[in-house]
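Next come two complexes, and both contain subunit A; in the first it sits with subunit B, in the second with subunit C.
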Partner chain A sequence: MRFFDLFELPVSFQIDNDLLLERYREIQKKVHPDNHANASENEKLLSVQRAAEVNDAYETLKKPLNRAEYMVSEHGFDVRHEQHTIRDGMFLMQQMELREELEEIESASDVEAAFDRFYADIKKLMDEFTEKFESEFKQASYESAADAVRKLRFIYKLKDEAQQLEEKLLDF
Partner chain B sequence: MAYSEKVIDHYENPRNVGSFDKNDPTIATGMVGAPACGDVMKLQLKINESGIIEDAKFKTYGCGSAIASSSLVTEWVKGKSIEEAQKLSNTLIAEELALPPVKIHCSILAEDAIKAAIEDYKSKK
Partner chain C sequence: MALLQIAEPGQSTNPHEHKLAIGIDLGTTNSLVASVRSGEAKVLPDSQGRFSLPSVVHYGADRTVNVGFAAKANAENDPENTIVSVKRFLGRGLADINSTYGKLPYIFVEKQNKLSLLTSQGEKNPIEVSAEILYVLKQQAENTLGGDLVGAVITVPAHFDDAQRQGTKDAAQLAGINVLRLINEPTAAAVAYGLDSGQEGIVAIYDLGGGTFDISILRLNKGVFEVLSTGGDTALGGDDFDSKIVESILAKAGIDTELSAKSLRKLADLGCKIKEQLSDTDSVDYEIEIESQTTPQKISGSFSKQDFENSIADLVKSTLRSCRRALKDADVEKEQVLEVVMVGGSTRVPYVREQVKAFFAREPLTSIDPDQVVAIGASIQADLLAGNKPDSDMLLLDVTPLSLGLETMGGLVEKVIPRNTTIPVARAQEFTTYKDGQTMMAIHVLQGERELVDDCRSLARFVLKDIPPLTAGIAVIRVTFNIDADGLLSVTALEKSTGVESSIQVKPSYGLEQFEIADMIKASMTNAKEDIQARMLREQQVDAIRMMEALDAAMSESPELLSEDDKLAIEQAIGKLKLTTQGTDGQAIKHAIKFLDDTSQPFAARRMENSIKVALTGHSVDAV
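Moving on to the complex of A and B:
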């Protein structure tokens, strides 16, 4: 778990975001290419590379879905780049229905309240699969943990889409 | 990213969008999802007694390539036997739509949707 080691954080989905940011800034200061202005070309290049790596590690750990994907990827499940499909009929049917519900949200009598209800439903699902991921991961059941992460991808995407629609409809 | 003309055509004028009643015994439903991007696809086939696909409908929540892949598949499978439909590969779909490598998973999704629908048909018999 290189990324967790880099920031000297325990390998865990529960992360102290303030501490992560603090450690990130400390490291970034050290590796920043400007601090190596008098270094050789080779060393400068290395510091640029290093700074990019640190950025990547920070961005990965900062966002919950990216963090979960990273954690299972370190155990051989590269869910982000895998080409195969999932066929969990019950889960997919529910995802399809939620997307249909979102399509019709515009015609709700109280659109704002409809969005609140919708977000509450998504949050419930998100919590359910996040808990599943965490408990499977702790038990070293990485295949099942990866399956929960795959499902989280659909749920996060739905949330993004709901937010985009909400901005459009309620004209933020 | 630049979409090919065929993708744009299917995206703007998708063929056979919609749903059949999934409880109808002549209807086979395939539900698949791509965990890499979160796209969801439903493909339904109306299959007659001789095992010929008479009609097809799809509903896809996803990017242009995923919608085009499923739209194309509904056109291709109509009039085909189950055996013929089962042979439709993602490479054929990707070639027809000129999908770039990052969008190959959309064609895999469409191929798997056919397979999932046929499995559903066999389990219903």
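Moving on to the complex of A and C:
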């Protein structure tokens, strides 16, 4: 089952999130185990499997990084599970600098302002590589599109780490 | 003239007849049962008109078992044999209990990872003790509703882990209750409120009970209750408020020696009483006689509201920390929260209400009795699952509260399913061998948020066997983790090169094995002089009828998905089942059910696929 087909949406990174959510709810109303509580054992099992698949499809299309990963995976690039080293020296240098910036936040005089600056830097990179992914994907250059997704994975991971640090430092 | 049809007693001929289903709130301190009658969800009182049953079980030396008020009255005289707040021990080990709860007046026994309490009637597992409470509630419901129940929805704290959920379900099975679904307490409360107000948007449910705390953030939209995130603490509740008071009283009196079980129980009761009184007064005077190293000693004094608030401030603060995290996990700002709902007896404490109000900058909702709201919500869901409301638009989409992971090299945990993932969910992970010719592989499943194995809760360990002996790294084993709509975990494994599949029963570290449950049911039957054969037969008959009704409805709903051959085969299987059900051979009924189930499988599959198309386009697609 292809996820975009399930929700009857065009294969595109730009997605109508409201429509996705609405269709997700409509489908779950039909397949969810709560609507098959009185059914035969086979049907119950079928319903749990179907509902789990629909949840997975929704989760995948909802989040931008998951969506991009899924789109290139349909063209044979499993960036999630592959062992692949990025060889783009410029990009790696940039990553190192960002990591240093993150490490220094802890000792910044105004921690919150430092986080804001960091998130703004990350956002810029995210936009850049998301755009790159989209244009390469549209031109069917899946190899380069996958490369952009690999870089996006780095950037999202950095954002996660920043959020964890923020949680720790700002007493969440 | 048409002949009157007379049904067997208890067997319905009309699939649209109202079925009796209940919602049970199995609480730490009190338990309730509710049901929807004439369209209204209400808590069912006992014969004396009381709505809540104290979750207390007393095992008397004379072999009697008392549950509820009678048992509670015994707590002080016979503390070792009066089990209070047993919910706290479900799915837990001794080390856990000792470190979390400190001094308790019970004699715990732990053998091979199985925890029991030693009573005058022998060892009792927390699951058995819980079953006693559930059994009384079931009886109470049957007496009030006047008939057999098709099943129950039982609520659990949202933050319960797999072992605690499985323990609850096993307890229901022991009590002879068909569990329609386990649902989370805050979600049940949201249902009770949501259906009342018909509101749409984000709501926060703050649920502080006797022993557990939950916070859930939900999004309500056209009957869909979508849980965005949940957080909490399964070992934080009103009981802890009581012990803070006790600690403070003992500290003031300068007592730090071991106390007798009787004194511990007396003190706990005193703590609870002081807490309750401080909701209405500013100060409470107390006087109590306790035994410290067998010398009786009287302590007295006065406890003020300020003392109380100082002693629980840290606990309340930690609940607010959970709220902040849950909001963040849901990606929701405080300002977006439309309503804050208060659930659980401990939200009666004025200080708790004030703090929650200040945190969300909004007056919390308390219009439904915080003690009853969970049971009421559960009964609404039970009514729906029983099939009494075929046209309902309501749907609960809940999440798993804790991340599920696997142990990897070096004692680290790799997450497979992150917390707050919508259930049901299935996720696969692939493994390979690291030695040539390796035929077995040990897998350790953990639940929790931390990175180290030692900081997470161990759910299960199992060994994958019969891996074909190949060069290291060649065999690929795909392990799939499934969390069903009850939030329960199951695991299947598949070796890819041979396609050999094996399913693994996840044995919760502190639960019961299926055969132990069967043995316990048998033992309880012998005691009650009930006939186990009769019960099994009755259960099979009920199953058969339910199945035939469901298929009847399905066939008349979508005849276009049935070929003539399918239809004939299903009708024959139904005919066979009908005939068998009139007999007394339980085993034969079981086989006939299975046969009908298998025969109708392709039809069920077509209906499922078709329903998705219908959901999106509004009209059915011919699939035959």
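As a working rule, the second predicted complex is superposed on the first by the 169 of 172 C-alpha atoms of A that agree within 3 Å, B and C clash if a C-alpha of one lies under 4 Å from a C-alpha of the other, contacts with A are read in each partner's own complex, and residues count from 1 in each chain.
The rule we apply is simple: a contact is a pair of C-beta atoms (placed from the backbone, for glycine too) under 8 Å apart; a residue touches a chain by one contact, two chains touch by 3 or more.
Being a predicted model, the structure only gives us computed values, none of them experimental.
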Which of subunit B and subunit C A:15 touches, first, second, both or neither: neither
Touching partner for A:65 - first (subunit B), second (subunit C), both, neither: neither
Partner chain in contact with A:169 - subunit B first, subunit C second, else both or neither: neither
First, second, both or neither for A:105, with subunit B first and subunit C second: neither
Greater subunit A contact set [subunit C / subunit B]: C
Contacts of A:122 with subunit B and subunit C, given as first, second, both or neither: neither
Partner chain in contact with A:156 - subunit B first, subunit C second, else both or neither: first
Which of subunit B and subunit C A:38 touches, first, second, both or neither: second
Touching both subunit C and subunit B, counted on subunit A across the two superposed complexes: 81
Contact set on subunit C toward subunit A in their complex: 180-181, 221-222, 224, 226, 321, 324-325, 328, 381, 384-387, 393, 395-397, 421-427, 430, 482, 484-485, 546-547, 549-551, 554, 596-598, 600-601, 604-605, 607-608, 611-612, 614-616
Residues on subunit A engaged by subunit B in the complex (per definition of touch): 79-89, 91-93, 95-96, 99, 149-151, 153-154, 156-158
Touching residues (chain side subunit B, partner subunit A) in the complex: 31-38, 40, 42, 59, 61, 104-105, 108-109, 112, 116
Complex contacts: residues of subunit A adjacent to subunit C: 6-8, 23, 25-35, 37-43, 46-53, 55-56, 58-59, 81, 167, 171-172
